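Same chain, two partners: chain A is paired with chain B first, then with chain C.
Right, the complex of A and B next:
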């Protein structure tokens, strides 16, 4: 109640009444959630791409269905499903193995997994697009030159695909960063959650949501600058175009 | 088994009954966002409007929609002129706040789509139209707009799909849309999986329907070009 009289500088500062350090720590946690989700999405997305391009029909169809569902359903629903559904799922798995229910998994894990599952569906499309852009003649030439599958990947496919997928991956990273705000509903103390708590306890919602917006803008614009830097570097490596 | 079917029927009906809220929110904010996006693109052609439009796009693309919704619903309610002003009956309504936040957010994304399409039109065509003596408005109507429509449609469609999905965020500011009703149903029944799968099916239906519609329109537009 008394906080309503404090000045914005005190509330956002580092003093005993200030939320500054908490907000900064929360921004770091947001970054961590987005990075973990991105990593999960890359690994799973690569696996999905392999499945999409596989010759086994059922595997390709299963991967396509996964993509269709995860890209067609709101991210919020995926987060909610994992958050509410994970304890029950864990309990039934534990019951199969004859151990007691382990309770709910950590919020960080469910949150990253939810965002990562969605991210994977988008990343799979990006990787597939990148792979399709490599002319098949080059692969055939590499085989004819006697390159093994690993050398082919390292020397022919990876350099071209990486160059092509970097811009769309940057977009997906931005989406992950913003989707990480949805994890706040699990109670994880990331930027959205902390700004909500601060807004509630000081009764200054406008101030704290504005502060959170600024921090999100710092995160998104800093990372887009970083991606652009890597892209220009990559272009130089790819032959100075 | 019978009990299960009865539960699914009741739940399904409750979710379908919430469908109009989601659809109305999606339609109104799609219209609003498209209108604002056109204004943003037009503003970028003027010297004064350019920085304003760029700040608008930067802010709304760079922050999460969830935060924007909380800002409009809870944040603006704490601001005196809005709380005690003429607009308060509007900003008190969570559905309007969701509409306002989604319009602002999606307009920024759609403006980028439109701008990319604008830039993809060969400058020679615009110059040729000028040389033919077309006025600014005729140029937009006969040369620029028809091509922009075709160029922007695929990306614009993606934004609309995103928009449908983000209507679910309205449930966090107490709007009882499909997601909101699903959450209420779970709080009553504790049957997470069934309820969420039904809600997910509704969204999948909406997005798949929209995608199919857009593909048909795209094909129709392409037929006109003789390609």
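Right, the complex of A and C next:
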């Protein structure tokens, strides 16, 4: 029997002809790529922010250049560069040194890194904006009260920055989720890739792309609801919204 | 009498412009010293040098027996020799700012207990009990759970004064505490400061409130062009013995 004759319920279900479990697993992998990219982006983004605001001019300039490049090129290009470009370069180097060429890099890690590198560039801007929005007078009051740098960060700066960066970080998270689709080009079985394969092998593209759409929407709306919940909890002092 | 402040030869330049050109000032326990002067005279900079919010280029500062850990790097720029000693020095002082600078993400109560708990290691319960007493004292009973943004300027400044009192500082520094207030709010803050002076707090006050300086101070200091042009008890400074320069400033 041709797949094209099967009902959508069978195709999306859990039976032998059904793609349901594969799609759900793929959605989980998408979530994992986005979460790992977000984490990489936060750590690297925080470091970039420190560099951007450093008094060492060369360091600030290097961080600004990083942001300019990573925000200024298509993310697909970053994925391609890391997954195909970098190994190619390594292979030529290896050939020069007479060692065997390295294999393909792991798709999951490369994908997370690519999305994470771009995410870091955006997160660094968000953190910088959050830091600059802390009134200097309040930091002075903390200094005058005898608070050392760590106490100031913990008690005065971090709570205010956190409150200000949560909404824009929620946006970046949503972009990460959607951008993870670009990693499908490496063959990683995330949601985009699996729905492409399913659409191709069953010749029912509309059904599977619609299913992918629904799954992406579930991921984005559930996580933005979660972000809103956290935001409203810390909002009373700033006047609510 | 106990000496609370001894400042000697304080100088400070910003980008080649000398703002302080050698200031000496002492204060004994219970002194209320008003620092007057035109804008740009260096009076606020001097105050900010005492708790090292600004690092003086040269000079020596001692507060309640602790010497400011000042040092110079190889290029001769001022620097902190010992960060711990610095925080110890700052912990002996408290500052009240022109713009209040309450921490906006903390309730009134949390503002008052922050330094006692997080700098001085006082148990939270004790700090809260003391904070309620201080809020009563500054006339802010019942506002403990308010946010700073819910308060008027005068109320915010009174909370800032409670915050400053919370660590029982040896020396209180007031940097134009009424300059950002609506005229009808100035009085509530000045009355509170008058009460603090009456109970023997050692206070250095940079202000434009001449009548207040005259009534409350034990000493009035006139700063001009980065030096102390004249100083003395208010009777002398506002009386016949005043220096011509101070008279000109008052007439201004």
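As a convention for this text, the second predicted complex is superposed on the first by the 219 of 241 C-alpha atoms of A that agree within 3 Å, B and C clash if a C-alpha of one lies under 4 Å from a C-alpha of the other, contacts with A are read in each partner's own complex, and residues count from 1 in each chain.
Following the convention adopted for this analysis, contacts are C-beta pairs under 8 Å (C-beta built on N, C-alpha and C of every residue); 3 or more make two chains touch, one makes a residue touch a chain.
Note that the structure is a prediction, hence the values are computed from the model and not measured.
S.K.: Let me test your reading of the model: by the given contact rule, A:98 touches which partner, first (chain B), second (chain C), both or neither?
M.R.: After superposing on A, A:98 lies clear of both chain B and chain C.
S.K.: So in the superposed three-chain picture, is A:81 touching just chain B, just chain C, both, or none of them (first/second/both/neither)?
M.R.: A:81 sits against chain B, while chain C stays out of touch.
S.K.: If you stack the two complexes on chain A, which partner ends up touching A:137: first (chain B), second (chain C), both, or neither?
M.R.: After superposing on A, A:137 lies in contact with chain C but is clear of chain B.
S.K.: Once chain A of both complexes is superposed, is A:69 in touch with chain B (first), chain C (second), both, or neither?
M.R.: After superposition on chain A, A:69 lies in contact with chain B alone.
S.K.: Does the superposition put A:221 against chain B (first), chain C (second), both, or neither?
M.R.: First partner only, chain B.
S.K.: Which touches a greater number of chain A residues, chain B or chain C?
M.R.: B
S.K.: Would you sort A:147 into first (chain B), second (chain C), both or neither based on which partner it touches?
M.R.: Touch status of A:147: second partner only.
S.K.: With both complexes superposed on chain A, which partner does A:16 reach: first (chain B), second (chain C), both or neither?
M.R.: After superposing on A, A:16 lies clear of both chain B and chain C.
S.K.: Does the superposition put A:160 against chain B (first), chain C (second), both, or neither?
M.R.: second
S.K.: Mind working out whether A:210 is in touch with chain B, chain C, both or neither, as first, second, both or neither?
M.R.: It touches chain B, and chain C stays clear.
S.K.: Do chain B and chain C touch any of the same residues on chain A, and if so, which?
M.R.: Common to the two interfaces on chain A: nothing.
S.K.: Under the touch definition given earlier, write down the residues of chain A that touch chain C in their complex.
M.R.: 135, 137-138, 140-148, 151, 155-156, 159-160, 163, 236-239
S.K.: Once bound in the complex, which stretches of chain B touch chain A?
M.R.: 58-59, 61-68, 70-71, 74-79, 161, 165-169, 171-172, 179, 182-183, 186, 192-193, 196, 199-200, 203-204, 207-208
S.K.: Mind pulling up the chain C residues that touch chain A in the complex?
M.R.: Residue list for chain C touching chain A: 51, 53, 83, 87-88, 90-91, 93-95, 97, 99, 101-107, 114-115, 118-120, 147-149, 163, 167, 173.
S.K.: Under the stated contact criterion, what part of chain A meets chain B in this complex?
M.R.: So the residues of chain A touching chain B come out as 68-69, 71-77, 80-81, 84-85, 88, 178-182, 184-185, 192, 195-196, 199, 203-206, 209-210, 212-213, 216-217, 220-221.
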